[in-house]
Amino acid sequence: MSDPLVEVVRTGVRLIELGQPFFTGMPCSPNHPGFRMTLARRHGDMVRPDGGSASNEIIVTGGHVGTHIDALSHVSHDGLLHGGIDAAEAQRGGKFTAHGAEHLPGFLRRGILLDIARLHDTDILPGGYEVTVDDLERAAKLAEVAPEPGDVVLIRTGWARLFSQTDAYLGGESGVPGVGVEGARWLAARGITATGADTTAYECIAPGAGHSVLPVHRVLLVESGIYILEHLSLEQIASQRVSGFVFVLAPLRIVGGTGSPVRPLAAISR
Amino acid sequence: MSDPLVEVVRTGVRLIELGQPFFTGMPCSPNHPGFRMTLARRHGDMVRPDGGSASNEIIVTGGHVGTHIDALSHVSHDGLLHGGIDAAEAQRGGKFTAHGAEHLPGFLRRGILLDIARLHDTDILPGGYEVTVDDLERAAKLAEVAPEPGDVVLIRTGWARLFSQTDAYLGGESGVPGVGVEGARWLAARGITATGADTTAYECIAPGAGHSVLPVHRVLLVESGIYILEHLSLEQIASQRVSGFVFVLAPLRIVGGTGSPVRPLAAISR
Amino acid sequence: MSDPLVEVVRTGVRLIELGQPFFTGMPCSPNHPGFRMTLARRHGDMVRPDGGSASNEIIVTGGHVGTHIDALSHVSHDGLLHGGIDAAEAQRGGKFTAHGAEHLPGFLRRGILLDIARLHDTDILPGGYEVTVDDLERAAKLAEVAPEPGDVVLIRTGWARLFSQTDAYLGGESGVPGVGVEGARWLAARGITATGADTTAYECIAPGAGHSVLPVHRVLLVESGIYILEHLSLEQIASQRVSGFVFVLAPLRIVGGTGSPVRPLAAISR
Amino acid sequence: MSDPLVEVVRTGVRLIELGQPFFTGMPCSPNHPGFRMTLARRHGDMVRPDGGSASNEIIVTGGHVGTHIDALSHVSHDGLLHGGIDAAEAQRGGKFTAHGAEHLPGFLRRGILLDIARLHDTDILPGGYEVTVDDLERAAKLAEVAPEPGDVVLIRTGWARLFSQTDAYLGGESGVPGVGVEGARWLAARGITATGADTTAYECIAPGAGHSVLPVHRVLLVESGIYILEHLSLEQIASQRVSGFVFVLAPLRIVGGTGSPVRPLAAISR
C-alpha cells in the first residue's frame, strides 16, 4: 500500500471535536424545529428466539439545528439563489432541484482557526461584537497561517461556553458576536470553501435585533457560494492551541434539502 | 505548517462516496421509521426588509435508516449489551446512559474493500449467499491488503445496484447476501474497528427468513464491540479498483441514541 | 335543566364508530406521511417521590392519514381555492390564511348512510365501480331518508373490509369504487355540508389510474365548499341497519392546516 | 325518521368551543414534544393535467399537547395502572396492551361547568390556588346543577386567558390554580366519567413546584378510572352563562397511546 495519505494516517492521527452533541432540549433558533431523539423500540420489547433484542429510535430535527452546515439553497436574495438561480422555481415540488444539500461536498482539506476571543484576551466576546477585517488579519498572524483558496476558516468567539444556557447562548437580548459584512468580504476574497463559527447564526447580531436581516449570509452563500457552519464548539481546539489542521466534514446528502447536521472534526498527525 | 497530515492533504485528496443519498421514500426496513425531509419554510414565505429570504426543513428519520452506523447500544443478547452492561438499566429514561451514539468515534483510519462480488465474477451476489471465511481470505489476497487491528473492512455484495427497487433491495423473498457467523468471527479476530456492507442488515439473510435472528450483530456488536455500517454503496469505489484507502466517517453524537445516519467517504491521494 | 338536547341525551344515547383506529403501519396513500405513535416516556423512566410515574408519546402523521376530513384549503383548481381565493397567496408563510383546518366546523347534525354495497347485494363493490346518480337515489329510497340541506351523507362501498390488507385497500391495480362526477353534482345540489366514504380518496378510481386526476374533489371542495371524509368504516353501522342518525365530528382546529384526523361517530337514542 | 335524538338535533343545535386551537409554537409542558404543522406539499408543487392541485402537511405532536384527554395508560402508581394492571407489562413492545387511547370512549353526555373564578368574582384565579370541596359545592349551587354519575365536570379557573403568554400560562414561578386531592375525591365520589380544566395539568400546582408530584392524577386516573382533560378554554361558555350542556368529545383511537388531542364542544338546543 503506497498511497501517501493512507501511509500518513497509519502513522497516527489525532481527532479533535469541533461540534456540539445532539440532544433533546438543546438550544435551537425559534425559526427551526428543535432536535428530538425518542427511543421507539427498547431492548426487551421484542426478544428474538436466540435471546437477541434491539433498540432503535425516531429522530425529529430541523436541518439547521445543532452543529450544521448551510447548503446554497438555504438563502436567497431578491428571489435568487447563488449563481442567479430562481429560488421559487428551484423549490417547486417541495425539494430543491438546484443547490440542494445533496450537493454539499465532503471535506478533507486544510482548516484554520482564527481565535478572535484569544486575540482580545477574553474567554467570550461580548454580544453584538463585530469581528472586523483587522481582527481577522491579526488573528491569522497570531495563528501563523494565511487563508488560501480552498481552506476552511473557523472563527472562535468563545460563545460555545454558553451552550448549556439556552437564553444566553441564543443572545436575544445581548446580541451575538460574529463576522460583519466587511469581514465576510475579506474571507470571500481569499477564495475559501467554507467558514464557520461557534454561534447560532455565524454573523454579528446586534443586541435585540434578532435575525431581522442576515447580510453576511447573503455575502457568503448567495454572492460567493461559500458554505457556512454554525453551532461549532471551538473550545477544545483553542485550548490545545491548534490553528492549522485537516478539516473533516461529511454532510449528509439530503436530496433537495437546505442544510445538514454534521460532526466536524479537526485532524492532525499524532 | 509542518503537520505531515496537513501537508499530504494539501498536495491533493480524492474523495469517493461510499453511501447512499437520503430522500423521502428511500428503502427502509419496516422495523424503522422511514426518512422524510419536508421544507418547512420556503423562499418568499418571509422576506426580510433587505430582500433576503431563507428556506429550511423538518427531517423525520430513524437512526438506522439509509447509510448508517450502529452504536453498541443497538443490540443486546440475553439482556446484556457489549461488556456485560444491563440493557434495561442502560435504557431507563428513554436514552442510553451507556454505549449511546454520542460515543461513536470519528473515523480517519485505514479502510479495506473486500469485493466478494468481483471475487465471484458477478455484479450482484445472489440473495441468501453467505460470505465465508474463504471468501474473505481470497478477497483480501485479491485486494493485496490484510485486515489489521484498527482497520475498517467493507464487504461488497453488489446489492447497492438494487437500491432503487425497494422490494428487491430489502430482499424479503430472495434473502440477502452477507457475512455469516464464521466470517464475522474471522473479522473480529483481526481486531478491526468497524465493518460495513452494501445491504440492509449487513449479515446473510436466508430467503424468507427476514430479521428473525441476527447472529452476526451479536458477534460483532455485543461480543466484540465492532461497529456495523449498513446501506453502503460500494459500486463507485469497486469500479475504480481502490481497495486500500482512508475511511472517513463522522457519526452524529446523538446523546443516548442507538445509531447515526452517516456519509462515509474513502479518501486517497490524488 | 330544561334544555331539550340535554334532556334527550340524558335519556340515553348509543354511539356507533364510523372510523378506523390509528396505528403505526396502517394503510396510507404514498402522497402522505404515514402515522406513527412512539412512546417517548415509559412508566419507570422517571418515578416521582410519591411512587407516581407517567408515560407519553410522540405522534408523527399526515393530516390526511387514517380517518380524516379535508379542509377547503386541501384542493385548488387552476390556482384557486373555493370561493375564488388565490391558493399561492393563501399558503404563503407555510400555513393557510384562508380555508385552513381551524375553520372546519364541529358537527352535530343529521347523517345519512347510503349503502351502495347493500343496494347491489354485495359485501364489497368492485374496484373502479362508479357510484351513479341512480345508485344514490335508490339507496336513499332504501334508507327511507332523502338528503336535505345541512345533512352529512356517508357512502358505503364495503371497502373498509379490506383495511387490514394495505395493497388491496389502496387499490392501485384494482381501482377503488366511489362516487363519480355526476353523483358528486347530485349531492352538491342537495346542499349537504359534508360527505364521506369508506375508501382512501372518496371518489371512483379507475384500475391503474392512481390519483392522476381527482375531479370529485374539485366538484365538492372547490366548487361547492362541501367537506370530504375519507377512510371511514361503515361496516358496523351498516350491519345494524341504521340509516338516519346524528353525525358527530370534532375536527382538530389545526391553524393553517389542510385537514384533520378525526373520529366520526353516529349517535342515536338508545 | 322518528329517533328522538335526531329530531331534537334537527330543530337546531348551538355548539360552543371548549378547546384551544392547535398551532406551531403554542404553549407546551417541557415534558412533551411540542405541536408542529408543516405543509409538505403546496398548491402548484404538482399540478394535475386538469388543473387540479393539492396541499397537505406533516404533523408532529405529543399526545398531551394542546387541548387533550388522558387515557388511563398515562399515569401509574407504584408500578400499577388503574385496576391493578402492571404498567411495565402493559407497555412492553412500545404500545399499551391495556388502557390504551383506543379505549377512550366517545362522549355525548351531560357536561357541567363549575365556574370557580366567577364564584370568587375574579377573571383569573391566582397561581397555586387550590379548588376546595367547598368551592365545588358552591359552584354547583351557582350552576343550579349537581354532578351525577356519568357526567363530565369542567372546572374554570380563568387561566385560558393566559394561553397566549407561554411562561405565565405554564406558571412555573407562579404556580397554577386547580383542584386538590380533596376536591378530586369529592368529584370521584359523584361517579363522574371525566373532568377537565383550563390549565396545563388540571390540578393545583404550588408556586415553583412544577410537576414534581401529581396526586390528583393518581386519584382520578389510577384510583377512579376518571379521564382528565387539560388545556380547555372555558371563557366563551362562561361568558354565555351556560352551565349545563351536552359535552361532545371524540378522542382519536390511537392504538396503545396514552392520550389524544381533542376538540371538545358544548352543545345546547338553539
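Order of writing sets the labels: A, B, C and D. Residues in every chain begin at 1.
Methods note: a residue touches a chain if its C-beta (ideal position, glycine included) is under 8 Å from a C-beta of that chain, and two chains touch if they have at least 3 such contacts.
Values in this document were obtained by computation on a predicted structure and should not be read as measured data.
Participant: Are the interface residues of chain A and chain C largely the same numbers on each copy, more than half shared, or largely different?
Facilitator: same
Participant: Counting C-beta pairs in contact, which comes out ahead: C-D or A-D?
Facilitator: C-D
Participant: Using CA atom averages as chain centres, what separation in Å is found between chain A and chain D?
Facilitator: 42
Participant: Would you kindly tell me how far, in whole Å, the mean C-alpha position of chain D lies from that of chain C?
Facilitator: Computed value for the inter-centroid distance: 24 Å.
Participant: Return the residues of chain C touching two or more other chains; collapse runs of consecutive numbers into ranges.
Facilitator: 33, 36, 38, 40-42, 44, 58, 60, 94
Participant: Can you check the complex and tell me which residues of chain D touch chain A?
Facilitator: 25, 30, 33-34, 36, 38, 40-42, 44-46, 60, 92-94
Participant: Please give the residue numbers of chain B that touch chain D in the complex, ascending.
Facilitator: So the residues of chain B touching chain D come out as 36, 38, 40, 42, 58, 60.
Participant: Considering only the defined contacts, which chain C positions touch chain D in the complex?
Facilitator: Chain C residues touching chain D: 1, 3-6, 8-11, 13, 15, 17, 19, 21-24, 31-33, 37-44, 48-64, 73-79, 81, 87-88, 91, 94-96, 102, 105-106, 108-110, 144-145, 212-215, 217-218, 244-246, 248-259, 261-265, 267-269.
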